[in-house]
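Listed next: structures, encoded as C-alpha cells.
Consider the two complexes below, in which chain A is the common component and chain B and chain C are the respective partners.
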Partner chain A sequence: MDFLNAIVALSNFVLIPALAYGSQLALGALGVTLIYGILRFSNFAHGDTMAIGTMVAIYATWALQGWGVSLGPLPTALLALPVAIAVTALLLLLIDRGVYRFYRGVKAVPVTFVIASIGVMFILNGLTRLFIGPDDQRFDDGARFLIHPRAFREATGLAEGLSIRTTQALTVVTAILVVAALFWFLRRTRTGKSMRAYSDNEELALLSGINPERVVAITWIVVAGLSVIAGVLYGLDKSFKPFVYFQLLLPIFASAILGGLGNPVGAIAGAFIIAFSEVTVTYAWKKVLTYVLPDALAPEGLVQFLGTDYKFAVSFIILVLVLLIRPTGLFRGASA
Partner chain B sequence: MKKLMLTGTAVAALAAGPALAEDVQIGVIFGYTGPIESLTPQMADSAELAMAEINAAGGILGGSMLQSVRADSTCIDSAAATAAAERLITAEGVDAIVGADCSGVTIATLQNVAIPNGIVMISPSATSPALTSIEDNGLFFRTAPSDARQGEVLSEILSGKGIAEVAVTYTNNDYGKGLSDSFASAFEAAGGTITINTPHDDGKGDYSAEVAALASAGGELLVVLGYADQGGKGIIQGALDTGAFDTFLMGDGMYSDALLADLGADMGGSIGAVPWSEGEGADAFAAITEAAGVNGESSFTRESYDAAALIALAMHKGGAGTSEAAAANILDIANAPGEPILPGELGKAIQILNDGGEIDYVGATNVELIGPGEAAGTYREYTITDGAYETVQFR
Partner chain C sequence: MTQPFLDAIGMTGGYGAANILHDCTIRVGTGEIAVIVGPNGAGKSTAMKAIFGMLRLKHGRIVLDGENISHLTPQARVAKGMGFVPQNRNVFPALTVQENLEMGAFLRRDDIAETMEQVFALFPILKDKRRQAAGELSGGQRQQVAVGRALMTKPKLLMLDEPTAGVSPIVMDELFDRIIEIARTGLSILMVEQNARQALEIADHGFVLVQGENRYTDTGRALLADPEVRKSFLGG
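Now for the complex of A and B:
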C-alpha cells in the first residue's frame, strides 16, 4: 500500500507535470531548432511568437465561445488553432520579408540576425501587451479533469490522490501527433527533404535547384504551427500571461542546445531532460521517501535539493554545463 | 489694448479664486498596475471620495480645495515607486501623500522621498511589522494595522479550530516575509508545527513545483500569505488541481471577489482574516459609497477613506495646507477626546474645529492610532461556504 502511495504521489507531483511541461518545451524547442538549422540563427523572438500566436488563439476562442461553439469535454481553443496558426504564419512571413530577408541579402553574420530577432522580440512583446494587456487570461473550457484527485482517492482507497487534467493529457497527445507529423514531413515529403538538404549544405542545395526563398517561407509556416500549438497548450495547461512566454525562452533554448541545435530529435530529448531535471531537483522528496523507506530511515527534513524559486536556475546550470563540456549537444547538432 | 488688459485683470481675478486660498494637492500613490491592481482603483476612489466630501462642504482652511494627484507605485517595483513619488513632490507639488499601498514600496518611498522632503504619508494598506520601528521623523502613519497583529490573529483562528500542523507559503517580498515571520512565531509559541515555510514568486505561469514541495511537507491545511491576483491564486489553483490541499488559511492580501468567483466553489471550508470594521462607522461608509457609486466593499477602501480624511482634517486643525501641519495634528484628530466623527460627517468636523472644538475621528475603521501612529486594527474572520464569504466573528 505504501509503495502504491509513493508511486501515486510521485506521478501526481513529478511524472505527470514533467511530462506535460516537457511536451510543451519540446514543441517550443523544435521551432527554435528548425530556425537554427535552416535560417542559421538563434531566434530570440520565439517566446513572444508563442505569446502573440496564443493571443490570436484566445481571441478566436472567445469568438467561438460567443457563438456557442463547443467541443464538449475538450477545450474550444483546439478549434481556434488553425486560425491562430494562419495569422501567426502570415505575421512571421511579413517579419521575414521586412527584417530577415534584408540581412540574408547582405549575407549578414549570424549575430546580426540574433540582434535583429531581439528587436522583433520587443515589438511582438509590445504588440501582445497592447492588444490583450499584461494580465492573466483564462480561455480554457470543457472538462477540467480526466481523473479528479478526490475521486481517485475514493475509488482506490489510497491516501494519495492522482490528478490528470484534460489539458495535461491533451498536451502529451497533441505533442506526439505534431512531432510524428513533423518528422513525416521532414523525411518523407519532397518539401521536407529540400528543407533538410538546404540545412545540410546550402550551396549544394542551391545547385540542385532548390528555391531558397520557398524553403525559408515553409520553415516560417512550420515554425508558426509549432509555436502556436506550444503556446496554446502551455496557456491551457497553466495560464496565459504574456511575460511568462518570454521567461520560457531560457528552458526552450537550454533544451535545443542540450539536444544539439538544428537537430529535431535532440530538441525533443533535451526538452524532456530539462523538464524532468527542473521538476525532480526542486521536488521535496520527503513524502515519497517516507512511504518507501522503513520508519527508522524516514527523513526529517524535506529532502529538497534546490528551493523552488531556483527552478529556472536548473536550466541555466544545464545550459552552462553543456556549453562547457559538449557544445554540440547530446545529438551532435551545430556548435552553439 | 485696453480690452486685452481688462481681460487680463479678469483672468487674474479668477485665478486668485473667490476665497483667496490655495488649493491643496494630495498625492494618491497606489499600485494601479501590478499585483494588487484589482484592489487599488476602489482604494483611490474611496480616498478621493473623502476629498470630494470636504470640497463639497467648502474645503479646508476657509476655502482651500483638495485635489487628488494619482501616481503608480506598481506595488512591487521600489525604483518605479520612488520615481513616481519624486514626481508627485517635485513636479506636482503635493502637500501630503495617501499611500503607498504595498509594504516594500512604502518603505522605499518613505525613506527615499517623503522623509528627505518632509512630506507626510498615511498608508491605508502597508502592513509590514518593519514599518512600526522605522525611523520616520514623525511623518509616517497608517490606518492599517501591523501584520504583527495579523500573524497573531491567524494563529488564534487555527488554535480555535484545533489545527496543529500547517504548511505555509508567502509571497516573496517585505509584506509576505513579515507576515509569515509574525504568523510563524505566534503559531509556534501556541504549540503549532509548521512543516514548511517557503516563498513563492509572483507573476509566474506555473506553480506546480511550489505546490509539489508544499504537498510533500504536508499539513492539515495550507496557509497562503500572498496576493489574490498573483502567486497566491496560482498556488491555490495548483493545490486544488493536484489534490494537495482542499482547505486554506488566507492572509489579508487573498481577500478578493475575483478569487472567490474563479475558485471559491472548490475552496469550501477555507478560512481567512482581513482587516475590517463593523459598527456605525462601517455602516456610514457603506451608505456614502453606495450613494457615490464607489465600490466600498473591496479591501482597504475604508482605510483609504480614513487616510485622506485624516490628512485633510489634520491640516485644517494645524491651520496650514502643509505636511508639517498635518503631521503635528494627526494623532490629535484620530484619538479621543472629542466629538466622534463618522464617514459623511467631515463637513461637520471642520465646523467643530472652526468653532474651536475637539474631534475624535472614528471614520470607517474606528480609527485609533497607537504606538508610532498605526491602527490598532480589527480583523474579520471569514470562512468560505458555498462559494461565498461568510463572517465568523471579529477579532
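Now for the complex of A and C:
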C-alpha cells in the first residue's frame, strides 16, 4: 500500500509535472533548434516570441469567451491557436524582412544575428508589456481535472489521490501530435526535405535550385506555430506572465544545446532531461521517502535539494557542463 | 569539332582585381569528354567555376547549345542543362542517399522515378544504401552520390571538379568507367582532374592550362603522345 502511495505521490509531484513541462520546453527548443539549423543563429527573441504569440491567443480567447464560444471540457484557447499562430507568423515574417534579411544580404557573422535578435527581444518584450501589461493573466477554462484526486482516492482506497489536470494531459497530447506533424513535414514532404538540405549544405542547396528565401520564410512560419503552441500550453498549465516567458529562454536553450543545436530529436531529448532534472532537484522528497523507507529511516527534513526559486540554476549548471564536456551536445548537432 | 555544345570563349577574370584566367577557352562537343589539366594554381577549378557562373568574368562569353548564357546565375544555368559536382561538400551528409537524389531533382516537376532508376543502374551500390545517410558512406560512394545528384536534373553537360580527389586508385578507375558510360548516353562531360594521365586516357579533348592560359589543346590521345606535354605535366 505504502509503495503504491509513494508511486502516486511521485506521479503527482514529479512525473506528471515534469512530463508536461518537458513537453512545453521541447516545443520551445524545437523552435530554437530549427532557427539555428536553418538561419544559423541563436534566437534570443524566442522567449518573447512565445510571450507575444500567447498574448494574441489570450486576446482571441477572451473574445471567444465574450461571444459565449466554448469547447466544453477543453480550454477555449485551443480555438484561438490558429489566429494567434497566423498573427505571430506574420509578425516574424515582417521582422525577418525588416531586420534579419538585411544581415543575410551582407553575409553578417552569426554573432551579429544574435545581437540583432536581442534587439528584437527587447522590442517584442516592450510590445507585450505595452498591450497586456507585466502582470499574471489567467485564460484557462473548461474542466480542471482529467483525474480528480478525491475521486481517485474514493475509487482505490489509497491515501494519496492521483491528480491529472486537463491542461497537463492536453499539453502532453498536443506536444506528441505537433512533434509527429513536424517530423512528418521535415522527413516526408518536398518542402521539409529542402529545409533539411538547406540546413545541411547551403551551397549545394543553392546549386540544386532550392530558394533560400522561401526556406527561411517557411522556417519562420513553422517557428511561429511551435512557439505559440508552446507558449499557450505553458500559460494554460501555469499562468501567463511575460517575464516568466523571457526566463524560459534559459531552460529552452539548455535543452537545445544539450541535445545538440540544430538537431530536432536532440532538442526533444534535451527538453525532457532538463525538465526532469529541474523538477526532481527542486521537489521535497520527504513524503515519498516516508512511504517507501522503514519508519526508523524516515527523513526529518524536507529532503529538497534546491529551493524552487533556484530552479534555473539546474538548467544553468547543465548548460555549463555540456559546453565544457561535450559542446556538440548529446546528439551531435552542428557545433555550438 | 563542328558547333561545340559548350563554347566558353576568351574567359578573363578572377576573384579580386587580379585576373586568374587570361583569355582562356574551353570547348566541349556533344557526347564528348573534355578534361582540364594543369599544375596546381593553373586556374583549372576557376575555369570550371567561371563556366558555371560562380565567377564574374571581365571578358569572354559562355555559349551553351548555341545560346549565350554569360549573364545567367548558376541556378539558372542548372535549369539550362548544366549539372555541376563541386569538389568539396558535394553531398547533403545528413540526408539519405535517396533524399540527396531527390534534392538534385528539386527544380523538376515531372516524374523523377525513371531518372533515379537510371542513377541506381549506373551506381548499384547506391540502391542498396538509399536509406542510409550520405555522410556515413565511404569517399568513393559519396562521390557516386554527388555525381548521381547532379544527374538527377537530367543535365546535358555534366561538370565534375576533381571527382577522384581523395579516393583510392581502384575507386578512381571505377569512377572513370562510370563517367565513360555516362558520356555514351549522349551527355557532354567537362572534368577538372589532378590525375592527368588517367583523365587524358578517357578524354576526347584535353585542355592544358598554365597560369590561367591555354598552353596545349588537343585530343586526349595526342596530348598523351606529345613529348613536350609528357615531360612538363605527366611526369615523363
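Points worth noting:
One rule holds for everything that comes next: the second predicted complex is superposed on the first by the 336 of 336 C-alpha atoms of A that agree within 3 Å, B and C clash if a C-alpha of one lies under 4 Å from a C-alpha of the other, contacts with A are read in each partner's own complex, and residues count from 1 in each chain.
Following the convention adopted for this analysis, a residue touches a chain if its C-beta (ideal position, glycine included) is under 8 Å from a C-beta of that chain, and two chains touch if they have at least 3 such contacts.
Because the structure is a prediction, the values reported are computed rather than measured.
Put simply, more of the residues of chain A are touched by B, taking chain B and chain C as the two choices. In the overlay built on the shared chain, the residue A:196 is in contact with chain C alone; chain B does not reach it.
Of the two partner chains placed by the overlay, neither chain B nor chain C lies in contact with A:70.
Of the two partner chains placed by superposition, only chain C is touched by A:205; chain B is not. In the superposition on chain A, A:328 makes contact with neither chain B nor chain C.
Contacts of A:137 after superposition: neither chain B nor chain C is touched. Overlap of the chain B and chain C contact sets on chain A: empty, with no shared residue. For chain C in complex with chain A, the touching residues are 74-75, 78-79, 84, 86, 89-95, 99, 102-104, 106-107, 149, 153.
Of all residues in chain A, those touching chain B in their complex are 9, 12-14, 17, 21, 134, 136, 138, 144, 148-150, 152-153, 161-163, 165, 234, 238-241, 243-244, 247, 278-279, 282-288, 302, 304, 307-309, 311. Residues of chain A that touch chain C in their complex: 190, 193-194, 196-197, 199-201, 203-210.
On chain B, the positions that touch chain A within their shared complex are 33, 172, 196, 198-201, 203-206, 208-213, 215-218, 229, 234, 241-244, 246, 262.
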